[in-house]
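Across the two complexes that follow, subunit A remains constant while its partner is subunit B and subsequently subunit C.
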Partner chain A sequence: MNAAAVVQDLKAFLPELCLLGGAFLVLLVDLFVKNKKILPALALLALAAAAVPAIPFRGTQALFSGFFTLDAFTHFFRLLALGASAVWVILSAGYKPLQKQYEGEYYTLVLFMALALVLMAASTNLLMIFLSIEFVSILSYLLVGFEKKNSQSKEASVKYLLFGSVASALMLYGISLVFGATGSLELTAIPAKLDDPSFYGLTLTGSILLLAGLGFKISMAPFHLWAPDAYEGAPAPFTAFLTVAPKAIGFAVLMRVLTGAFHWFSFEWSPILMVLSILTMTIGNITAVAQTNVKRLLAYSSIGQAGYILMGLAAATPLGLTAVLYYLLAYAFTNLGVFAVAIVVGSGTGSYELESYRGLAKRAPVLSACMVVFLLSLAGIPPLAGFFAKLYVFSAVIENRYYLMAAAAAINSAVAAFYYLRIVRQMYLVPADETSRIWSCPVTRFTIFILLAGTIILGLVPAPFIDYFKALLPF
Partner chain B sequence: MIIPLEHFLIFAAVLFVIGLCGTLVRRNIVGILMSIELMLNAVNINLVAFSRSTSLDPVTGQIFAIFVVALAAAAVAVGLAIVIALYRVRKTICADEISLLKW
Partner chain C sequence: MQNHLLSWIVFTPLIGALAVVLTPKPETGRIKWIALAAAALTGVFTLAAFLRFDKALSGFQLVEKTLWIPPLNVHYFLGTDGISLPMIVLTALVSILACIASFGIKEREKEYYALFLLLETGMLGTFLALDLLVFYVFWEVVLIPMYFLIGIWGGARKEYAALKFFLYTLAGSLFMLIGILALYFKSMPHTFDLTQINPAAFTLKFQKALFFTFFLGFAVKVPIWPFHTWLPDAHVEAPTPISVILAGVLLKMGTYGFLRFSYPLAPDAAAKFAPFMAVLALIGIIYGGFVALAQKDFKKMVAYSSVSHMGFVILGLAALNSAGFSGAMLQMFNHGIITSGLFLLVGVLYDRAHTRDMTAFGGLAAQLPLYSGILIFFSMASLGLPGLAGFISEFLVLIGGFEYNRLAAGLASIGIFLAAAYLLLMVRRVLFGPANLKWQGLAEINRRELVTLVPLMILIVLFGIFPQLILDYMTPTLDSLLTHMEGIFA
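Showing the complex of A and B:
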């Protein structure tokens, strides 16, 4: 590979370069500026600068000798990651526990995280996939433990670190076996080598271990143990981001690996994923019922949601994969919305306990109404985004005649509706102890309205989005 | 004398399982981090062994192993920093005693 080709590829790499430059700029500006309010604005500017070259689609191209692939699929996940990061920055700007605590470092880490996710979405080489996943993981450990002197935050960070390191070691061992069996690290080169029967056992073991490592990122059932603790202990804006963006990009990589490289193996991994998805949603939803802390309740709810999304992947058909993409977008809008409201309420009442939602409808009528819409969307009530997401996933599963799975998911949805509506009941039917209004800053309110609009529009006119996602699938 | 590939793979698998058992039975967090290093070294042996035998390009696996070494160092730097931060607020690095968050 010569220098001219590298320069040519760097042009397509502009979003990544913007984020990298932005991260160092924030760190530098932090040294010289007293007014720290400028830092989130600068971070937003860097994200916007990265989004502009990320939008135009120039057809499929391989970058840096096939380490990255730019296609419509990558473009979608790039924009999703950048959008989620922007919401994260806005929510962090108004979040009190972070103020006057290394804000420069915090927003630098935010931009590095955006960079890591954008890299992860584009990587199509096992080495690059491993490196970008590790990049995301290490940043996540740091950010979960970011609140100084908060012992819950530190504990969550250590637990996340230990589980995460073991999961990446498992994934790495899997990658080494796949490499041994196929002789190559390129995802596109793997399918040609899979039909060699002498390496069958090696490839199967390798791909299952690889699935374990990726399953950790999306909080799939036996590897979900870190999730509730990390989500509860982390600074709330980061929790909102962590439940959405790394999970969505994790699904992107999983789709690339399973349906791209190991498609020939789908008769092996499809039943495994089916069992794991039922397990994931059941554990998530049943445990969520017993929670009294809203952050932890939403953490378990997001594990349950990962189970539904996994269902579409287990179906392994074009309809199933389209459903996964639609679900990820709907889930991004809805879950960021729920957390945005929870953060505003949390900083207003000083607590994330379910009891602090008593009589919220009187204290913050508009916010409560938004919260109801988001919760109904998560529960899958028409005509919101969450309903169509579930509908598509269910139809993909039934098309494949996985009736048992559809039944399990239907029961789970009913359980989930119960705990979502419990929050609504606290807000509207239980009288408040206190009557003071809850204040929210205009930028946060504006963000919540955009997320609300996304949730409603995705639900009212799903057809164009479905067509877009169908055209997106590279496999 | 050329050592056959199977010997490397069995050695790596044993080393990996020792590391995995270490992460499960160790109570000291630094001990768990050391066990994780063992697992990563098992991966390196695999990569280098495959690089010599089945790889299409003889250097791919070796380069991967260098990346793994570098990344393990980075992960441990972050890991020990987090452990020190935990020690400052809780005065313990025993995995059994960090139990504020449950269910």
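Showing the complex of A and C:
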């Protein structure tokens, strides 16, 4: 690879460079500026600067000798990661426990995280995939424990670190087996080298270990144990982000690996995923029912949602994969919306307990109405984004005639509706103890409205998105 | 050229709901009138559709069809025929009356009327949608306002009742969704369009599975025993106008679903499941009757009487013959107007006395002659007095049932007997017997309440004497449905 080619590839890497530069800039500015309010603005600016070269799509190209691939698929997830990061920054700016607490470092980490996710979305080499996942994981451990004086936060961080290290080790071991069997780490090269039957078992073992490692990232059962603690202990804006962006990119990588490199034996991993999907949604939903803390409830809910998304992947058909993409986008809008409202309420009432939502409809009518829409979308009620997402994954499994799985998911959805309604009940059916109004700052409100619009538009006009996602699948 | 009359019917209430949302909260007077105007305007559009409808034809009329989601081949597809037209007329009428009856509600009016109108859109859409996915969307849209309407404005155990209603219906309809999707992938080319699906290509096994999933969705709504347990709770806790909507319209969504989707799409399975349906219908008729007989709570009694009366609809459907189908359709309409009236009357008494315990009353006939007369009128209609609407439909169902199976008809007539027993017992307890001095201050029924009741009474008498007026609209469609089904049996 000569210098000219590197320069050529770096041009396509402009968004990543913007993020990297932004991260260092934030760190630098933090040293000299007293008014820390400028930092989130700077971070947003960096994200916007990254988005400008990221938005136009210039066709598929392999970068840095195939370590990365810039295709339509990457393009979508790049933008998703940047968008989610922007919401994260906006929510963080109004989040009190973070104020006067190493803000410079925080926003630096935010931009690094965005960078790590963008890299992860583009990786098409197993080694690069491993490295970028590690990058995301290490940043996550740090950010989960960011509220240093909060013992819950610290415990969650350590737990997350321990689980995460084991998952990484498994994944690395899996990658080494795959490399041993096929002699290649490039996703596109692996299928061609799978024709030797004597290495079949080795490749299969390797790919399943890889699946375990990636399953950890998307909080798939039985690798989800870190998630509730991490989600509850982390600063709330990061929880919002963590349940959406790393999960979405985790799914992106999983899709690339399973359907790109190991599509040939989808009959082996598809049943495994099916069982794990049912397990994930059942554990998530059943456990969520008993929660009294909204953050924790939403944590379990997001595990349940991951189970539904896995359904589409388990179907392993073009329809199923399109469903996964659609679900990820719908889920991004909806779940960020739920958390955005929860954060505003949390800073208004000073608590994330379910009890603090009593009579919220009176204290914050518009916010409550938004929350209802988000929750109903999560519950899969038409005509919202969550409904079409669910419809889509359902249709993917029914097309394959996995009726039992569809039935399991149907029962799960009813259970999930129960706990989503528990929040609605507190807001609308239970009278308020307090009558003081809860306000949100204009930027946050604007963000919530954008998320709300996304949730509604994705449900009412799904066709263009479906067409877009269909064209996205590179495999 | 397409006209958009049906869309106007469906979405006028929604526009009204948006207008209510945009009206400032303290202006409750204006909110009420906007709501009533929206409901009335919907009524006018419905009347226009009714007048344009050619009753001699059996196919779908006033059809509107636009591609909604091209990649999934989902159409925004509305149309009406002899099965849905009576239902939208019923919905529009009951909604107007319930809206007037809602004027007594004094808290959180803005939210109330917005949800009320959203509910009306959901119901009308359910009855008019001919694309299964659009149908499902409207079907689910009904749930949310209903949850709030029971949960916020209901009685003591409102939260429990609202949640139970929501979860029962949602669980049932999710299985229906699986059925809808299975149907979609079975049809070639894949479609949700009811008129494009050809059931002749389906194996019996598939039809049975399909019928079963739809059954779970519809049976909860009707409700068919043993899926009925949400109904007494919801009815008792709901505020009066919402009980009226529940009994008058919502329950019919279930039986309508059978006629519109289950029977035409899975005719062989419908024939196979007929004995099963008939048995459940009979259990519902008799069990509902006996439980109604045991009630002291006025509203609960009416609620259980609904279980019994809706059993007749199911029996008529199970009979799979012309008389049975006509009887079932007619019973859906008649039960809608009669039970709405009974719930309104329960509400009238409850608003004044704040109790629904029938044993606490007595001798009201002397004190409230007008109220008593109306209550007796509706009771007679409900127990099937010849000359009033309820009689014709139950009689037709019994004829159909007799053709199908004599024992079934015989057992069903126990239900009529029980209806006489519990209704007359109620009349005696509330209106006659020794006067309870406690209720001396009770005021007579007022003008607003009369406005909600008189139209129903007129219709009950009219359809009691001239059932043909409404049967003429239903028969061609029902006959063609039967021919369609028989064509597939052969």
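The working rule: the second predicted complex is superposed on the first by the 475 of 475 C-alpha atoms of A that agree within 3 Å, B and C clash if a C-alpha of one lies under 4 Å from a C-alpha of the other, contacts with A are read in each partner's own complex, and residues count from 1 in each chain.
By definition in this document, a residue touches a chain if its C-beta (ideal position, glycine included) is under 8 Å from a C-beta of that chain, and two chains touch if they have at least 3 such contacts.
Keep in mind the model is a prediction, meaning the values are calculated, not measured.
Trainee: Does subunit B (first) or subunit C (second) touch A:421, or do both, or does neither?
Mentor: second
Trainee: Looking at subunit A, does subunit B or subunit C touch a larger number of its residues?
Mentor: Partner with more touched residues of subunit A: B.
Trainee: Return first, second, both or neither, reflecting whether A:413 touches subunit B, subunit C, both chains, or no partner chain.
Mentor: In the superposition, A:413 contacts subunit C only.
Trainee: Just to be sure I read the superposition right, which of the two partners does A:429 touch: subunit B = first, subunit C = second, or both, or neither?
Mentor: second
Trainee: In the superposed arrangement, which partner chain does A:141 touch: subunit B (first), subunit C (second), both, or neither?
Mentor: In the superposed model, A:141 contacts subunit B only, not subunit C.
Trainee: In the superposed arrangement, which partner chain does A:468 touch: subunit B (first), subunit C (second), both, or neither?
Mentor: After superposition on chain A, A:468 lies in contact with neither partner.
Trainee: Share the list of subunit A residues that count as touching for subunit B in one structure and for subunit C in the other.
Mentor: none
Trainee: Inside the complex, what are the residues of subunit A that reach subunit B?
Mentor: Those in contact with subunit B are residues 127, 130-131, 134, 138, 141-142, 145, 149-152, 154-159, 161-162, 165-166, 168-170, 172-173, 175-177, 179-181, 183-185, 189, 228-229, 232-233, 287, 290.
Trainee: For a test of understanding, state which residues of subunit C touch subunit A in their complex under the given definition.
Mentor: Within the complex, subunit C touches subunit A at residues 68-72, 111, 133, 136-137, 140-141, 143-144, 147-148, 151-152, 158-159, 162-163, 166-167, 170-171, 174-175, 177-178, 181-182, 184-185, 209.
Trainee: Under the definition above, what is the set of subunit B residues touching subunit A in their complex?
Mentor: 9, 16, 19-20, 23, 29, 32-33, 36, 39-40, 42-43, 46-47, 49-50, 53-57, 60-61, 63-64, 67-68, 71, 74-75, 78-79, 82-83, 85-86, 89-90, 95, 98, 100-101, 103
Trainee: Name, in rising order, each residue of subunit A that touches subunit C in their complex.
Mentor: It comes out as residues 361, 376, 381-383, 387, 391, 394-395, 398-399, 403, 406-407, 410-411, 413-414, 417-418, 421, 425, 428-429, 462-463, 466-467, 470.
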